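Consider the two complexes below, in which chain A is the common component and chain B and chain C are the respective partners.
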Partner chain A sequence: MVAYLFKIVGLGLLDALALAACILFGLDANFIFAGSVATGILLLNWLAFSRRSYPFRYLVPGLFFLAAMVVYPIIYTTYIALTNYSTGHILTKQQSIEQFTQREYAPPQLRHFAFTAFLNQHGMLTAVLLRSKEKEFVVFRDGHWEPVEGHELVDEDGDSTVDRLDGWTRMERRDLGAYIGELQTLRVPFEDGWLRMATLTEFRLFLPCYVYDPTQDILVDQQTGNVYRPVKGQFTTGDGEVLDPGWMEYVGFRNFIRLVTTPRYRGPFLRVFLWTVEWALFTVLVSFVLGLALAILLNDPKMRVRKVYRSLVIIPWVLPSFISILVWKGFFNTEFGLFNQLLRSWFGIAVPWLVESFWARFSLILMNVWLTYPYMMVVSLGALQSIPDELHEAARVDGATPWQRFQRITLPLLMISIAPLLVGSFATTFNNFNVVWLLTEGGPVVRIGEPAGATDILISYAYKLAFLGTRGNEMALSSAVAVVIFLVILTISAVSFRYTRVLEKVSRGL
Partner chain B sequence: MMKKAFVGLIALTMVTGLFLAVSASEAGKLIIWADDTRTPIFREIGEAYTASTGILVEVVEMSMDDIREQCITAAPVGAGPDMIVGAHDWIGKLVVNGTIVNLELPEDVLAQFDPVTLDAMSFGGKLYGVPYAREGVALVYNKDLVPVPPTTWDELIKIARELTDPTVPQYGFIVEYPFPYNCFGILSALGGYVFGNNPDGSLNLCDIGLDSTGMILGADLIDWLIEEGLMPAEVPWETMTGLLSEGRVGMVITGPWGIPIAEGGGVDVGVAPIPLICGQPPRPFVGVPGVMVSAYSPNMAIVQDFLLNQFITKGTQLAMYQHDPRIPAYMPAYEEVKEDPILRGFAESIANGIPLPNVPEMSAVWSTWSDAMALIGNQQLEPPDALQQAAEKIRETLECK
Partner chain C sequence: MAYKNSNRSRLGKRFLRHLLAWLAIAFAIFPALYILGTSFNASNSISTTGIIPQHPTLEHYRSLICDPNHPFFLWTWNTIKVSGITAGATVFLCALGAYALSRFRFRGRRAGLLAVLLVQMFPQTLGMVAIFLMMAWLSNIVPWLGINTHSGLILVYLGGAMGFNTWLMKGFFDSIPRSLEESAMLDGATPFQAFRRIILPLSRPILAVVFVIQFIASYSEYMLASILLKGKEMYTLSVGMRLFVTQHYDDRWGPFAAAGVMGSIIVLIVFYALQRQIVSGLTRGATKG
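And then the complex of A and B:
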């Protein structure tokens, strides 16, 4: 009963929140969000109350997070890859036009107006009296204005400031802070432009820099008369002069075509891809072999103080990698690093660790193996302990050598539980941006000006394209790279899982 | 409609944290985004402004990168600040994204600023920020190891030879390398430049000077120093500051940001201009921090008043200097503090400086240029080849043919 009450109250609160969100989104004309929130909450209610939906209660949270964390980012990245989203093209066309039509300039002959604001008896701002040498008029809150004639102005204390206007009282200067928000938003259409508050003491006349003509989709510069037309997401004159900011628009497969046809991008792509595969493969293989060897060693009951060893070898995993990687980076420094200082004093040689392509790749894999082998060891230890001892005993009775036992019994049984983890580990390493970035930032240089260095993996290459691009950020181009990476990993995973399913069949056969 | 939803989504995903922590800009109240070193002083300035006008000022602390990137995405959906405190080399990117607005300040106010700082804050001939300081690198030396700073490169090389002994380890002369920012003084002394100027003073993006004779000659000097073992070629910032604060290095080229680190290690440092090269003064990059105004601010009148009557005053500018000693851009404040020896060292060093180009195209230059300097550093390429290749690549990338 209490649980039921709890459910009703909790759901009620959620419904109320969702309703509020829907209304807010709806007011913002954001119907997609409003719609998805509404559908979501209806679904949730149905799940909570319908008997038939009972089994879904366990599936829906997973499906929800799958949609939110996996499906949505993929769709969104693909969408970005089909646009020109980049520095200078981040606004919508509407926002861009709004920016231009709101740009203003003060005419060379400044026209300024002193202002006095008036409040009604409730303390609400009702009107503003604007005064210049030649003109005097009353502005209302909706922005329209009337000549001062026909309004009653009273100067009570004779200091030549108006104290009352149509019965409203003058706002004291010390109260400006409370009303300034409203005063600033007043935009009074006046002559060819508008009046607005320019300083805390006066309004000024401003003229529009540009006027937009929606019928022809052109922007006209009011000072020069130049006509700008939309070309490639930017307002452009006939002779190619462009206006910033531009806007984001759909460009089809242009980014993918650019990736394939521009030598600057195409050149390194294949090299980076191959290295990414090498890097993931070597890291996983070497660390798995090392981890497994350690696991077998530490699983041997004859080994003394196993627990101490186990705790010691797990250290690389426990240290925050952000710190340990930077320490490694210091070790690898050619001039000041620990490794070269030792090598120099022992053998009189220096290795160009992070300076030369081969050694940089070597260092990176070395360090990543150090970071990953404890994980491999821990999962192997667990899997080893799940292999029944009888099998080993039986094999021993049959006279199998330790190597044969490992090869025929331990490894196949181990692979059943470990193979999916290896695939996962491969995919993680494939995209392990942090390790690469913290140690080498993708360097050393392969060719001057090429966006990818010798140790850049696809994801760091995409990052470099996005944020160290030609002209600021190239989000769309790097999204295209991300989509390609996604397809590659999808293929690799699909193939490997098919292969691990074969292993599972083997285990069922046992 | 679709696009609007997506922009909303971008904003939602990228600034979720901000929505929770920060109130969006609203009419009648100023919101300023500043980094951790400047937040306290801007809070003080804000409080003073509130006391005199009754208008609230909220200062939100963020990291430098967040200030720029979040402002670009948050401002168009109305979740941005009114003003940001940033560096002048952001301006290009912020302007082409439509994030900041150009400022109209009276002539007599502008006349009180160091003209270089106003140049730095301008883009396409318009002013986009109020500078409050100028900074750049100089020769920072450990007074225990180098009692008298060198005034010529011959002297510098002599001192470096005497001090350098990697087995101690002790070094005579260290520059953060290969990132070219710190050694640009050497590269520019004989006429090296990044972008040339158009007749109207704006940058000509197709006049790329990485392979200019002056820059190649400068790079030759660096190459020679590296070959002679007088200047290590792989020096990240952490290494440079580590050696400096441990007192293991005689001379470095760094900016005012390196001083607290050296002094934190108990090292007594002096600041001098980088020595002349063949009689020509090095021209390091000048960076100009300042205040920029969001194009989406609903508070243009308050902003104008805040800048003119609160921020651009001798009192505020001096308070900013007291809080974090950088060379004031506002001349009346500079006149008061110019006797400080460290500040004077930096001021002399950057007196001939070149403003760091503020165009968004710089991001293409930095990476390519670093590549070239790295290959010069590890002796894979000779300076002329490396720099010519870099310049060609940049011309290609920026479509200058």
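And then the complex of A and C:
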């Protein structure tokens, strides 16, 4: 009863709060926020009061994180892949136009206005008197101005400077420092441009460099008369001259086309794609063979210390991977590393481990096998132990050799439970950013200026494009690569679901 | 004669087995041993260290602790905080979700199962650009959840942890017989009470497994941490240690080894304390599909 009361009161308070937030956001014309708050609170109320929602009370917290941090980012990434989002194309078109129309230049015929600032009785800047040869007017803090005629000017000491304006006192020159920040932000619309403080004593007229014409969607350069039209997210003249910054816009499949047709990206992309597949295949196969061999070795009941052996052999799985990878990186160091030291003292040779493409790939796979085989061993052990002994016994009675028994009984039975894990492992390795990045950073360089190195896999390539681009950050292209990975995984999942029974189990309701 | 011969070959086989096992063990642990030796070795350069230190010293540990530019302990603390909170929250949230998926029958359950199964195939890192932009946006609205905050990083990690772990736990819950809860519910227990009093105590092993798996995963995560954490004092170990050693294998090898030893200890302890449950939980959950 108390709990129920508590729930009602608590939810009531939350509802009130949400309603207030909705109204505030709504008044701010921030309808996305108002909408999401409203949806959220309605959902909460439904969860709390509907009988049918009971199971969802358990599911919603987890689903929230899954939706917000995995599903939504994937959808958002797909959207970015269809835009031109990158350095120079980050603003909206509106923001970009604003940037251009606010750029200014001083006309060849300078127009100067000497200024005098006036403070109210609290010492706040209230008005500025601007005076040129032909014109005199009063500017207020919000930027609007009025002709001087309607205002009362008083010269108290007769030195031909105005000392009081409408009862406000003149700011002394020595106080300029205190007000200069405020004065500099004043922008007074005037004729075709605006006035603003240009030196310590005067305002000047500035004209906009560009004027935007919304009816024709063009931008006109006021000095040269050049006409810029929007082309590919940037204002461009007929001669192909472009203005920075551009804006973000929807470009359809252009990123994907760029990825497979432009020479700068096509070569690296195909190479990276192939290598990613090779890398995942080799790692999974070699580590599985090694893991299975060890599992068979350490599953022998005659070996009394096998449990101790097992705990020692899985060490690579247990150590935090980033530490062991950095240690291996030290071992592979060409000059000082352990491996080359040993090779030098034994055979007098040195191997360019992480320096040459082939050896870098070799090192990467070697190390990743080291990292992965303990997992393979552990799951193989589990599967081996679940194979009934009678089968082996029967085969032995029929005179099968150990190899035949392995081939005909162990392996097929093992594969039933291990195959899905191998597929999962393939998918994980396919995207194992940590290993590649911490060991080689995708290097060595294949061709100077090319965005991808010899050991870059798709996801590290995407990372480089988005966050470490030499020509700015190519977020959209990076997202396009991510979408490619996404499709590959989708295919793998579809195939593996087809061949395993997981889906049937799901549809039967387990 | 024949008897003796077969005895000898059996001995030979046994010897071979142990030899192979020891070879595998050597392959598995040499980096760990080497780093342990280096951390106590007086020399600092990678080229002059060996497994067995000539003149054991704690110099590297001392210099690591005193390094003002690389606050190793702060990084360790950051990592433990982020991974610990992530793992704890993961256990709680996934247990709730898995219980609903395992015990309740409701419309949308099949779709939910399928969604979880599918989503857990996709690594969260695929959405890195979107996650970065989302967090940058969040920084403007709720600064303490945005870029360069641990709470923001935890938020992101939690999302990535939900799919696989919920699936794993559901598999375990399915294997607990329902009769226990049913009798409790006949006595008037609500489903939540049944969950808390019966299911949770019975599934302690899987809770431990999920905690450890998630703890280790967050502990080693590099990419998202490197995108989201900008200040040196906010780094986690993976980001910090990479910064510490990458360009300095020649002059920071000793302190790096010390850091590696200290950074690994906590994970080693946690893992070996729960080794049995982890191995059985993983194979069980996984092979159950």
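One rule holds for everything that comes next: the second predicted complex is superposed on the first by the 265 of 510 C-alpha atoms of A that agree within 3 Å, B and C clash if a C-alpha of one lies under 4 Å from a C-alpha of the other, contacts with A are read in each partner's own complex, and residues count from 1 in each chain.
Criterion: a residue touches a chain if its C-beta (ideal position, glycine included) is under 8 Å from a C-beta of that chain, and two chains touch if they have at least 3 such contacts.
Quantities reported herein were computed from a predicted structural model and do not represent experimental measurements.
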Practice problem: Go through the superposed model and pick first if A:Gly12 touches only chain B, second if only chain C, both, or neither. | Solution: neither
Quiz item: Does chain B (first) or chain C (second) touch A:Ala106, or do both, or does neither?
Solution: first
Quiz item: Of the partners chain B and chain C, which touch A:Ile315 in the superposed model: first, second, both, neither?
Solution: second
Practice problem: Please work out whether A:Leu200 is in contact with chain B alone, chain C alone, both, or neither, and reply first, second, both or neither. | Solution: first
Exercise. Kindly classify A:Phe433 by the partners it touches after superposition: chain B alone (first), chain C alone (second), both, or neither?
Key: second
Exercise. Would you check which partner chain A:Gly238 touches, where first means chain B only, second means chain C only, and both and neither mean what they say?
Key: neither
Quiz prompt | Partner touching more residues of chain A, whether chain B or chain C | solution = C
Quiz item: Who does A:Leu91 touch here: chain B (first), chain C (second), both, or neither?
Solution: first
Practice problem: Applying the touch criterion given at the start, work out whether A:Gly330 contacts chain B, chain C, both or neither, answering first, second, both or neither. | Solution: both
Quiz item: Given the touch rule stated above, what does A:Tyr76 touch, chain B (first), chain C (second), both, or neither?
Solution: both
Quiz item: Which residues form the common part of the chain A surface touched by chain B and by chain C?
Solution: 76, 326, 329-330, 333, 335-336, 467
Quiz item: If you look only at chain A, which of its residues touch chain B in the complex?
Solution: 28-33, 76, 79, 87-88, 90-96, 99, 106, 174-185, 196-200, 244-246, 248, 264, 326, 329-330, 333-336, 352, 354-356, 443-445, 447-451, 464, 467-472
Exercise. Give every residue of chain B touching chain A within the complex, in rising order.
Key: 1-9, 26-29, 50, 53-56, 72-73, 76, 92-93, 95-98, 104, 166, 169, 232-236, 238-239, 243, 295, 298-302, 304-305, 308, 360-361, 363-364, 366-368, 371-372, 374-375, 378, 386, 389-390, 392-394, 396-398
Exercise. Could you pull out which chain A residues touch chain C in their complex?
Key: 52, 54-56, 58-59, 61-63, 65-66, 68-74, 76-77, 80, 294, 297-298, 300, 302-303, 306, 309, 311-316, 318-324, 326-331, 333, 335-338, 341, 370, 374, 378-379, 381-383, 386, 417, 420-421, 424, 427-428, 431, 433-434, 437-438, 459, 462-463, 466-467, 475, 478-479, 482, 485-486, 489, 492-493, 500-503, 505-507, 509-510
Self-check item: In the complex, chain C residues that touch chain A
Solution: 14, 17-18, 20-21, 24-25, 27-29, 31-32, 34-35, 45-47, 93-94, 96-97, 99-101, 104-106, 109-110, 112-114, 116-119, 121-134, 155-156, 158-163, 166, 174, 191, 216, 219-223, 227, 237-238, 241-242, 245-246, 249-250, 253, 256-257, 260, 263-264, 267-268, 271-272, 275, 279-280, 282-284, 286-287, 289
